[in-house]
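Multiple structures follow.
You will see chain A twice below: alongside chain B first, and alongside chain C after that.
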Partner chain A sequence: MLKILIPSMFMLLTTWTSPFKQLWSTILMYSFLVATLSLTWLAMPTDTGWFYINNYMAYDPLSSPLLVLTCWLLPLMIIASQNHLAAEPENRQRTYISLLISLQIFLILAFSATEMIMFYVMFEATLIPTLIIITRWGNQMERLNAGTYFLFYTLAGSLPLLVALLIYHSSMGSLSYLSLTSLPLTCSNLYADKLWWMACLLAFLVKMPLYGVHLWLPKAHVEAPIAGSMVLAAVLLKLGGYGMMRIMIILDPLTKELSYPFIILALWGVIMTGSICLRQTDLKSLIAYSSVSHMGLVAAGILIQTPWGFTGALILMIAHGLTSSALFCLANTNYERTHSRTIILARGLQMVLPLMATWWFLASLANLALPPLPNLMGEIMIITSLFNWSFYTLILTGLGTLITASYSLYMFLLTQRGPIPHHLILLEPSHTREHLLLALHLLPLLLLIAKPELVWGWTA
Partner chain B sequence: MNPYILTILLFAMGLGTTITFASSHWLLAWMGLEINTLAILPLMCQSHHPRAVEATIKYFLTQATAAAMLLFASITNAWITGQWNLEFMSYSLPTTLVTVALALKIGLAPLHAWMPEVLQGLDLTTGLILSTWQKLAPFCLLLQINPSNTSLLLILGLASTLVGGWGGLNQNQLRKILAYSSIAHLGWMILVLQFFPSLTLLTLLMYFVMTFSLFISFKVNNSTTINSLSMSWSKTPIISSMVPFILLSLGGLPPLSGFMPKWLILQELTKQSLAPLATLAALSALLSLYFYLRISYAMTLTMSPNTLLNALPWRLPSNQHTLPLAITTSLTICLLPLTPAITALLTL
Partner chain C sequence: MCAWRRLHGSVRTLRGSLLRGCLSSTAATRRQPGRCGGLTLCQRLSTGGALRNDFFKDLEDQLAAMRKKAADALPGSSWMPFEINPNLPPETADIVIVGGGVVGWSIAYWLKQKERLPRGMRVLVVERDPSYSRASTVLSVGGIRQQFSLPENIYLSLASADFMRNINEHLSVMNEDPVDLQFNHSGYLFLASEEVAHIMEENYNTQRLAGAKVSLLSPQRVKENFPWINTEGVALASYGLENEGWFDPWSLLNAFRRKAISLGAIQCFGEVTDFKYTTHIRTTADEEQLETRRIKSVKVQMPNSMEYQPVECAIVVNAAGAYSGKLAEMLGIGRGPQDSIYGLPVPVEPRKRYVYVVHCPDGPGLDCPLLIDYSGVYFRREGLGGNYISGISPEEAEEPDTSNLEVDHQFFEDKVWPKLAHRVPAFEKLKVTSAWAGFYDYNTFDQNGIIGIHPLISNMYFATGFSGHGLQHSPAVGRAVAELILDGGFKTLNLKRMSFSRIFAQEPMLEQNIV
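Right, the complex of A and B next:
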């Protein structure tokens, strides 16, 4: 673990002391090195225990896929940001890279935390670099509002979580994951215990996001620059899912009844946000709402609390992370050429940029959960476990799958197929950097078809 | 101001606080507070601006009222119990009166109305002294009395955090924002006073460090409104990049040091089975966070993407001593991992 953390911290130093001409290459190579080293975390023997590092950090089959995703994403963010930052003064470029690196450090500490307060502090710590990236380097005036919504929605959910964790700590004595399985709260029917249950989950539901509290996500994703959108979609939403999975252990007897409305809300959110996607004119907003839709399914899968539910949720989180980030990169290629996010302004691109159309095709197919991609595996497992809980959820999830397929195809057909308008004939051809970026997103997804055991968590 | 007079006034302020620290007799404590008040009055109106003079008068009247109430309470205590010792106040009337008097002295809600207007009339340095040094003596007394009424302190604390949050939302004058921020932080300090007094001291010291950084940053930029902060990135780019962190630390966001007092106070309140109060106090901190965020938007996060071609303010060589600012800013940002050490130090 230290061979990842210490190089990451020193990457900050490298950012500020590299000669400017070699800054991006150096940081890219360094972050790829760290990402490659992080792949060792996936090599697990076949038990479901923890891999102890020290008193404060450990990883297990639940957190290691998310850790690897975090480390893998940093070089991708560096590649994606290089173009739009090229015009900025030198120190601002270094600051931006430092923000991305510090975000990665906080995320590594969050996913490998063994104690819930440490997880909480790191969970909140990721807010600050993200806020700065969105509000300082976003491109439109609305970014300030987006930053405020992002910060306040998340904090309003997580302050009750802090109080709930402290309540649990004062009555049970320890908040370490290692002992949580043996310390469930005694079953009681007081109203206060139900409030406590709610307080524990609200932060993660807001972060995921759940349908009713999802308003921050379209704003934040749309207004953020490309690296911000990538890290938000790929990893920060998964912090919510991961936190929920960890804290479910102590919420046990209450969850049977109390999770009912939230499962329904999550499934309803899948349909509603999917329908909104069909009516979007802004490409990034479409991808953002599609994120809400997928994460609604993940939330339902986690709240069901069955092994298939958890496994499906984890696989869908990893697969969705890669897919959504790839879609944002594709939207960014459009944005860099036309400086607009309107879909119909950049349509029929297959004529002009055929290889990019391949990536669009693959990413759209991944988004609609085509077999044999891991997206499908996650969705099928969640849908099955929901069906096991209640037959009627099949209506909602089936309808959700149908709507997901429609808007993914809609997005693909509108951006790629059809006649190309006259103002787009002279578009700049695709850069190798862009192809590399998308290949690095989609290749792991394709490789995961072969060995999903790496990312399916505890189910041995 | 004439350096001799300034020296005498500053020494007198120090003397006043020291007398209160060292006292075990109520009269001596009162005397220290009065010396403190009288010494700062000339500092406050040294510019002879009408607003400064008005602020001085308001400060004098409120502090004199508070000191008189304190004297009355100690006399009542002497009449009932027959002794003047500071620690042995066991009857509820004098204790409550002392608490309310000290609340007026430091500016807790609902006795806070003088604070924004007084701070607005002062320059930033005197405002800093008012927000930090002048709170030491009253807190020394608050830490020593045994509160009789549990809910009084809790009401004062919660009301202060709420008033501090809501009051600052409509302000664009920095000194008034700093006044409301002070009220909110004092509320947090009072919340935990009767349960774990060391945390009150910890919060007070952390607040001193954070607010010192903020006042000095504003002074270096010579700005007193939010609008005038917007050009600070061209005058002092490094300070402009650090101020959002200072502001977010004041707002109590992890992993900055400002989270430390809030976390420990919430922990103590939940241990005392006051979890709903803890949640309310935590959520009221979000109100303050909104106007801190607004200042950081105006100052740093709307910085121009590259160097501007139009006329910028002159960057005159500055002989301001920024070393204290550097030290306190580093403490404001990086002190959270030292929480166990600091808690251990203060619990001695």
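Right, the complex of A and C next:
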């Protein structure tokens, strides 16, 4: 554990002390090294439970896939940001990289926390670098609005969480994950307990996001620069899912009735945001709404509280992280060339950038949950466990799958196929860097087809 | 402050009522309305203002100002903590149309019309002249005809005439007045002499084939239909029966503008002074290096101010009319070595044309088409009061100076009136009531429009160089450019021949006119 965390912390030092000409390559190699080392987390011995290193940090089959995803994402973010930051002065480039690295440190600490309060503090701490990245390096004036929405939605959701955790701690004495399983809430029918249940979950539902409180996500994703969009889509949303999974243990008897409206809201959100995707004119906005759609399914899977639900949620989180991040990278390659995110102005690109069309194809197929990709695995497991809970959810989830397929194909066909407008004929050819970026996104996804046990999260 | 004054005032009236019986106010005190009259208890003997600021008065003032500021800052008011020029264009736009004339606004309208989802694209129209006092659109004579020799021009005019006949289907805005173009369908009448009659016949065949409703008339028929014409020297005449005439250009411009803005286009009054572009060097199939440019942002300068806004954009449309050549020069087109592709400028420059309004009570009357004589002179009826608009294209060697819009009245006396009077004897007695001048966006290469992308600038579309036909072709040209941008190619009318390739191949596409 520390062999990843300490190098990450020292990467901050490297950012500020390496010579400017070698800054990006140094940081890239360094972060790749850390990412490779982090793969050791996936190797879990056959006995179950936690692999803990010290009193404060531990990992288990639930958190290790997310940890590896976090560490894997940093080199990808570095590769993606290289182009648009090239024009900035030196110190700003170093600051940007430091923000990304500090985000990674907070995320590692968050996912490996053994105590809920530490998780909470790290959860909040990740907001700061993300806010700085969105509001300072975003492209449009609307980024100020986006930052405000992002910050205040999450804060408003998480303040009740702090109160709830403190209540729990004061009554039960400990918030350590290891002891949470044996300290469930004693069954009581007080209205205050229901509020407490809500307070525990609200922060994570806002972060996921759940359909009713999702407004911050399209804004934040669209206005953020590419690295911001990548980390938001790939990892920060999963913080919400992970937190929900952890805290479900203590919410036990109440969840049976209280989760009902949220499951329905999540499923309704899948359909609604999927339909919104079909009417989007901005490419990044389309991908952002598709994120909300997928995470709605994840939220429903977690609230169901069955092993298959949890597994499906975890696999879908990992797969969606890689896919969504890949789609944002593809949208960024478009944006860097045409300076516009409008879909109808960047059409027929297969004629001009055929190799990039391959990546678009793979990413779109992953988005629509094509077998045998892990996206499908996750979705199928969630849909099955929901069906087991109630037959009628099949209508919603089936419709949701249909709409997901239609907007993914719509996005692919609109951007790649069709007649190419004259102003795109002389587009800059794809860089090797961009191909590398997308290969590194999609390669893990393809490899996970072969060994999904790595991300199952089952402790058996 | 008000409370203090009120207090003061009430004291004054109180005192006044008390003292009216005792003392009369002196002239001195009457002159200063704030002062009390006479001597009483708390009387102020000073006749000037307060020497020092009263703390409470200032406090009242400041509190009132703070209250006003707080009330302004509430949602629903348009107060901003920092002043922003409302005319400033947005920082980013998808398509920037340089030139707010009828072609520019037509393109904006069609782009907004064809985007499949509302607010799908941000279209910005930048116009230099808020009053349109020098714009070619509003200074145009406003005629529309199908009597061209190139099929493209005929199709453009036919489509535009169809658009304008059904203009309220296209350009009406809810809750606003319908559009009235004052389209007079009086037709064009071309008169040809013996030498050019064969050209007229060929053109007539082309026009009929393209679907224009034109008829050929012999001089006798011309005399029968229009007795006020002197048919001496006329061998053949060509008369447009449908879809020809004249209309009000300002109404068309405003209709396009109003509809485009209602669909979400953004208008900005400013001048494009610079471009930021990236340069790419590619190797062609013949192993040559080609340097192309891609516009990244447009610098829009605010009128009469040092303020400017760089607008980041994906596509720029050059609909700048007479100044399109100058705009393209900002990107370096035409400033390279003379014999290379970089040295070929966009061949559009302003040419001044005079229009004279004459009054002739014994003139042709209401049944008067737009007559164009083989000598070059033309005239049409204006209104119903016996006024006519007339003009002639000057010789190549006598092109007037384009630095201003001053009218040369001698030109009328020397060049226009003799030919006019020869053709229509009634015009021997007329009075010039007014005149104006306007610029043609004259295509020095072949006097026909240029529609399409420049080979060296990857994302600049041109819709310019119409040399006097811009207004009548504007609806169809707007649709064509919108199809180019959004559909990747021409869909309704194939205007491929009007692209830049004819200029680079040095193959002019000339109209075979009789004038």
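What we mean here is this: the second predicted complex is superposed on the first by the 459 of 460 C-alpha atoms of A that agree within 3 Å, B and C clash if a C-alpha of one lies under 4 Å from a C-alpha of the other, contacts with A are read in each partner's own complex, and residues count from 1 in each chain.
FYI, a contact is a pair of C-beta atoms (placed from the backbone, for glycine too) under 8 Å apart; a residue touches a chain by one contact, two chains touch by 3 or more.
Everything numeric in this text was worked out from a predicted model, so none of it was measured.
Superposition of the two complexes onto chain A shows chain B and chain C fitting side by side, with no clash. In the superposition on chain A, contact of A:167 is made with chain B only, not with chain C. Of the two partner chains placed by superposition, only chain B is touched by A:159; chain C is not.
When the shared chain is aligned, chain C comes close enough to touch A:420, but chain B does not.
Judged by the touch definition given at the top, the superposed model places A:238 against neither chain B nor chain C. Applying the stated contact rule after C-alpha superposition, one finds that A:144 touches chain B and leaves chain C untouched. Of the two partners chain B and chain C, it is B that touches the larger number of chain A residues. Applying the stated contact rule after C-alpha superposition, one finds that A:342 touches chain C and leaves chain B untouched.
Between chain B and chain C, the smallest C-alpha to C-alpha distance in the superposed model amounts to 6 Å.
Chain A meets chain B in the complex at residues 87-89, 92, 95, 106, 120-122, 124-125, 127-128, 132, 135-136, 144, 147-148, 151-152, 155-156, 159-160, 162-163, 166-167, 169-170, 199. Interface residues of chain B, counted against chain A in their complex, comprise 241, 244-245, 248, 253-256, 259, 263, 266-267, 270-271, 275, 278-279, 282-283, 285-286, 289-290, 293, 297, 300-303, 305-307, 336. Residue ranges of chain A in contact with chain C, taken from their complex: 139-141, 279-281, 338-340, 342-345, 347-348, 418-423, 425-428.
Contacts from chain C toward chain A in the complex involve residues 90-92, 94-95, 115-117, 119-122, 280, 282, 292, 294, 296-297, 312-315, 452-453, 458-459, 461, 484-489.
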